[in-house]
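Below are two complexes that have chain A in common, paired first with chain B and then with chain C.
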Partner chain A sequence: MTVIEKQTLIGKAIPKLDGPKKVTGEARYVQDIELPRMLFAKILRSSRVHARIVRIDTSAARKLPGVHAVITAADTPGVPLGHGKDNPPLKSDKVRSLRDEVAAVAAESEDIAERALSLIEVDYEDLPAVFDPNAALLDDAPVIHESHPDNIPFTYEYSQGDVGQGERDSDVVIEDKFTLHFVTHCCMGVSGAVAQFDADDNLTVYSQTQVPFLYKKDIAPIIDVPPEKIRVIQPSIGGGFGSKLDIYPFEPICILLARATRRPVKLTFTREEEFLASPTRQPVELTLRSGVKKDGTLTFRDVATVHDNGAYTSWGATTPFVIMQTISSLYRVPHCSYRTTVVYTNNPYSGSFRGFGNLQATFAVESHMDKLAEAVAMDPLAFRLQNAQQPGETTPQGMVFRSCGLAECLTTAAERSGFVEKHARYSRYGRGQNGQGGPVKRGVGIASLLHVGGGAKIYRSDGCGTMLKIDDYGHVTVLTGASEIGQGSETVIAQFVAEELGLPISSISVVNDDSELTPWDVGVHASRTTFIAGNSAQRAARKAREKLLAAAATKLELSAEELDLREGNVTRADTGEALLELPRLIRSLHFAKKSEVVMTAEYYEPPSVPQDKEFKGDVSASYAFGTQVVELEVDTETGVIRIVKVTAAHDVGRVINSLGIQGQIEGGVAMGMGYAISEHLLVDEGVIQNPCFRDYKLVTAPEMPEIDMHFIETLDPEGPSGAKGVGEAPAICIAAAVVNAVYNATGTRFDSLPLTPERVLRRLKNHA
Partner chain B sequence: MTIEQYAAPETLDELTRLLSGGNALIFAGGTDVMPQTRAGARQFQPYLINASRVAGLRGISREGARIRIGALTTVTDILESNLLSEHVPVLVEAADCFASGQVRNTATLGGNLCNASPAADLAIPLLLVDAELELSSNDNGAPSRRVVPISDFFVAPGKTVLKPTEILTRVIFDAPPSGFRARFIKFGTRPALDIAVVSVGVAGATANMVFAITRVAFGAAAPTPIRGKKTEELLEGRLLVDDTILAASSAAQKDVSPISDVRGSAWYRRELVRTLTERALHDVA
Partner chain C sequence: MSLEKEIHFRVNGNLTSVEVPVTMNALAMIRDRLKLTGTKRGCEEGECGSCTILVDGVSVNACLMFAVDCDGRDLTTIEGIRTAEGLSPLQKLFVEEWAVQCGFCTPGMVMQGTYLLSQNREMSVEDIKRGIEGNLCRCTGYKKVIAAIAGALHATPRRGEEKEDS
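Let's look at the complex of A and B:
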């Protein structure tokens, strides 16, 4: 008997399904959308950081030929947007930052719209401004929002155990302050939208949102259109990284202009505007006290942070949710307390950004781990292993680690990079002893991370819907709520479906860009899509599979258990022998007396729970871990850091698409490196000094180090085929590994970023 | 300012006649003109003159001891020139760390010099070989020419001795003697697509069996690309031993007068001038 081996798609390297379209320019981005009679919009932004608006005169702009509408706050419903509902799309009483939207124009061309902006007269009365969050906390500080006279829109407090007890148990206590800077997403596709109303007042928005269903609900009151009359179409998105999780004023402005003109309106940013008016990663000042016993056991952590919220509240204000997790649960710490004050300033405001507070938290925690290890004379690896979380653990914050590969990540990254030996050797050299003469010093650093890997239940549901149909030629259409923002979800979803139905990946189309067709989903965030949408798609496909096998069993007079679906056929389960072509089976269902279409639906809701009022609870269905070792060179005469090699070991649960994970790790390393050594949005008194790629230094191809990747497969019990999320993880811990490596190389420890050549040289030369 | 008239003359004569009318802006590769006008840092003039079709202004040639490079020669042309690789590899080195492939394909030598950025990369090697710049104009109907040494060409950031009616046509210099050695180091914070924070060039030749430095130049360390006169004096005729190199790199700091901007502070630029001078001298020693 010949047995045909079953082929699997899980774990294979599958090129992204949307790749060819993007590479050839066929993909349509919002910039490519052109509708008949379309107008072009431009926004007039504030020229002051903090001022009362005394008068706006738009009469000259309105008279300019080609201008169809000029709107100010008076032409809007006046409902504010954003997480704090403190940000009106157009400002009426005052402006609070340089990006503030004051008026907007729709015209027949961008040029005309721009000329019209220059004709709008705005009189301001300057108000005292504040840029340093600590200064904004003082009693006599200027008030940014009258609703918050103390400039504090949010505070967070968390505690577990008894920090006093922890302190008494400690042999060594260390306290440090870490300061994190402004960086921004730098999506290659700049922001934009196209809005159109039809004769029945139905609105279609071509939007870059990564949360299309929440978007409808959130934007409805701001534009005064009921959510059920809004259709969201998502053209290809040129990068999200969290930036498209919130609604920013430009979208309601575009929609309000479309309504005012009764014509389609397109609004796209210039690159400079993208730098000036998109969200940033939140700058955080983090004071961390930690204790340890002589034997290397962590005793407590006490953390206070001040977040620069900027002038308005977007998701940046909620990053403490994630910061707390790393502080309480990356390693076992019995006693922990954490306080955050989120402070309004006249700076640009912060949004959601890959890692969501975790880059800042991990930078501090993993810098401290190295200091604590040194204080008790342990090597950084052994110290981390001793305190690492283990599978099966429930942390004091209530997270349940059903699978946990932290120890394996640590040992794998360390062994593959030769960390322990190099760390000992370089630190001797770095301190000026034997060898390593010359100005260029080498160092290695290690850091680990914890991040949600199975969604995050911050809404009542963390679910995702799938609808699936198979046509009479065996082609499958999967309608998923999950948005593709370049992360590769479309490909992974197709893989899960193809796997269940025994079809080649080319037989699957994924529809994910039109809210009129697709079922509900929370959105792309929290590294949740492979896990949540993947589970949903897999289950929908399983239902279809059962239906097909049952029908085949009847037709073939066998039992369903004896059958399988492979390579487009119904086969024998044991031998793989093909018995019936799948399209024939489907056609026979269509044309039967009691005819039937093969169509299934699934709504997957993960078994996670929302946190309670004390921020405790098993908020994710799975947790991801990882360790990165960085080897680098520091030129002590120029301050240049060259990252030579990154060894990355990530607990991914199970590899679904190895190319996809590789892409996430490479991209994450590039992004994390930028945060560590080169990216810095320079904000001076609220004014961005470097709104261009010439002076905002993204990491470029020649600087990319060798990356040695290791996927640790812990087979998560709840994950689809065992997988967990890995979207954010690779960017999170590299900055900490870099400062640890710089310390290893030079004996100088940095507590702020980025380690640009000049900042490094200043510290090495003790030049203020 | 909106452009009223655009011309793409095919002869130098035609071009200089157009220039003599005034109110004109020359456009070569456009890699400075376009970003600067878009950013509002520079205004178009009523006349935009595209110089790129003028015959005879692109190319690299040698006549006897003299090497001539047309002003419209692109950075890529320089990078791929065998003649330059053989005689002045330092100019090719500068072209090699210039911008990116796309920009090099259109950016011209003339544009780089006439834009007069203190960070202009090609100016440094040309200062090392005492290049002369040929400036052409139309003097009441008759073609006219003058030659200016490169060290006199730059006046201030964005300003040169070029008159509004003149065009830079050629860059000319003596092929360096055998035994000529030079080095160009551009310091940017990343290896590609970066404007120099500071750049340093050194060149020397062997006389009486002794290799000694004759020229030193700095970019982004003063209002214009400059020669390092104090450093040159210190090094004149001296053997490049460690002490001399150290003394020279301190002298270099006296030659420069850097500013602070988003790319680096004056303090940092001075530090770099010292370190890079030391490294460049070690490289050629």
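Let's look at the complex of A and C:
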């Protein structure tokens, strides 16, 4: 008798399924797509930051041999795109930022297309421009969009309790202004698309979108193609991080050129163009007033923010949804008030970027937590623990923390890093007291985070579909709506399915790149894929399991409860005795009198609810928490900050793939470090000054600190096998931990980023 | 019209000749002429390392090299690393260590790692970090890339991967 032990894939270090094709160069990205008769497109962008378009003359460009089409706004349906529907793919009346698309060319080669661009004549009449959102709010400010004479596309107001009461309850009140800067995604694969119409006017677009199904709906009116005639194929995507959540002008332009020429058209950015014309993280000016009682209890928070929207409205304008969550609910605060004004300027416009406003919010809130702790003479850890959210809590904003590992994250990160002792010691030594007078000061800082970990119900559905079939060799094909953008969703989904069906991971194929085949999903955002797509895949696999066990029970004349699926066999549940090979069972179903195939489908809709008009509601099915402690050195003679160690404790619900989750944390730490100390998209009067990697400083390998990771497994009751989302979380709180550590080291507190050597040195000199 | 020149070289073991404009860079020739699209175009100014190839065994940013300078040389691209025997030990470790996320920088990382391993099998972790400083990655935070290369130090090199004694 063959006995098969029960094994689990959950929590294991399963290699990434798309690894082999990526390490061999076989993976095809948009840049690698080549179709017969394909043309190449280039976009002419505005040379002015704010100007009326007087005349566009494309006649010389059209005459250039090899040019197949030149289009301007006149050749488009004229429907604006983007989350705010204020951005025509090609501009007709005026340009509002330097990136604005004015005309586009499709030609035999990129070189010809570029030469054609140089032949297009555009006459502009300059308009007064505005780059500072506060200046854009003044009565006599230039108007960016005539539809919004006040330059305000959105405002948000949220309140809970009574801030006046909170203020009266406070023993200490402090107020600070925090200023956050422009950064951008820097996906290693630049933006691009390939579009092709067939003889029947069906459109196939090879797109990098993170949201293929919303994409079809959103792009349809802009290109005047019915959504049902659009097929979205997602080749391997060279980085997302939120940048591919919206429609940007280049895609409709590529599609319109394909229609104009009746040939496949490919459009890819140069790296410089990627810096100039892809979205940014939104700059935020945040004024925060907080109060505390002498005993360390938080009393209120009063927040006003101004967001630089840039010239058009993409998802950046909606980040207040996330910002207010951190303000109201990371710690227990009875009274809260929050107001945001989103302001048009002639700057580059802001999109969604990993963390979605939370890096900015957490920077302010966690800087203030340290100041408040100091004001009441508590250590930063004890102060945070006293105010930390607990499991089972419903916050005043309506979020229900069915699982919450915040306190455990705080204590774990603090204990493992020796935070309390080091914080006390460095604050004495680091500031040159007690004889430690060297130029390099050491400091340690702590910060925590709250983020959605089970999707976010911002659409009517936050669901994901799965279809699953098992062939007569026991091989499973999983068709999921969830996109793979490198984060590893494919592998995690395969693990959930393999686990239910007792199969090795090699028996699972995941299809996730073709809207013609895959069922609907909202898209990759809000750290939702493991949770939502995982739940969907797990449930589809459970249905298949039930079907297989029922069939096996009949065949073996046993009850389904007595059976299990292990390593491709039907076994006895108790002893593990192998009774029947799975392929044989499936073949017997195919060839039975009443034959059937093993196919299942599932649409998982999380039990979250949309926020009400007051922005209250349990918007996610689960919430992620984490704490990071940063230990660093500040060279007070050069201003250079060296991050020595990051201790990261994250409430991940449950680890599904240990390597994947480490990868998210390591990558998030690197991205958050860049935000804190080196990355800065320098925008001067609407002009990006550093559109290249030489001058825009990503973190490189030698700068990576030691990372000590701890996974707090709170086993979320709604999560698949207890898991919650962790995609965005690791990038969120590190900037706050860095400024807290710099304060610990030097006694100088920064209220803006990044902490580049020049800025650090200048501040330290002024402070001394 | 730009001047063209016919060049002869070896790529991934095969003798090849192409006629290229003298202004073309090696990256464009490799991707657009030879259709070896595993080599990635990340910045085209030598800053990101996505287009790293080996020229006579030395790692080079293909975007910074003129195509005509490939004449008479021996090129290895990512397509030449996997052999009939399968993935190289380093490639296997990239997969096993999850040193890959979006994968766009990965071919360049594998090429640079292959080069580093060919030069020094006693590298420290610091040596590896410095060795891949010119290869940018936005996804992984480099940790698992470093671990994969460090792991390969202990793997048996395949034939042809040992450092040649001269």
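Observations on the model:
Definition applied: the second predicted complex is superposed on the first by the 760 of 768 C-alpha atoms of A that agree within 3 Å, B and C clash if a C-alpha of one lies under 4 Å from a C-alpha of the other, contacts with A are read in each partner's own complex, and residues count from 1 in each chain.
The rule is simple: a contact is a pair of C-beta atoms (placed from the backbone, for glycine too) under 8 Å apart; a residue touches a chain by one contact, two chains touch by 3 or more.
All values reported here derive from a predicted model rather than from experimental measurement.
Of the two partner chains, neither chain B nor chain C is touched by A:576. In the superposition on chain A, A:638 contacts chain B only, with no contact to chain C.
Of the two partner chains placed by the overlay, neither chain B nor chain C lies in contact with A:161. In the superposition on chain A, A:80 makes contact with neither chain B nor chain C.
In the superposition on chain A, A:662 makes contact with chain C only, while chain B stays out of contact range.
After overlaying the two complexes on the shared chain, residue contacts for A:707 are found with chain C alone; chain B is out of touch. Contacts of A:758 after superposition: chain B is touched, whereas chain C is not reached. Which of chain B and chain C touches more residues of chain A is settled by the count: it is C. Once the two complexes are laid over each other on the shared chain, residue contacts for A:689 go to chain B alone; chain C is not touched.
In the three-chain superposition model, chain A touches both chain B and chain C at residues 694, 699-702. For chain B in complex with chain A, the residues that touch the partner chain are 39, 187, 189-193, 195, 262-265, 267-268, 271-272, 275-276. Contact residues of chain A toward chain B in the complex are 272, 637-638, 640, 678, 682, 689-690, 694-695, 697, 699-703, 756-758, 761-762, 765, 767.
The touching residues of chain A, when paired with chain C in their complex, are 13, 15-16, 18-29, 31-32, 34, 185-190, 236-241, 270-271, 485-488, 659-660, 662-663, 665-671, 692-694, 698-702, 704, 707. Here chain C touches chain A in the complex through residues 35-45, 47-48, 50, 77-79, 81-82, 87, 91, 94-98, 100-107, 110, 126, 128-130, 132-146, going by the rule given at the top.
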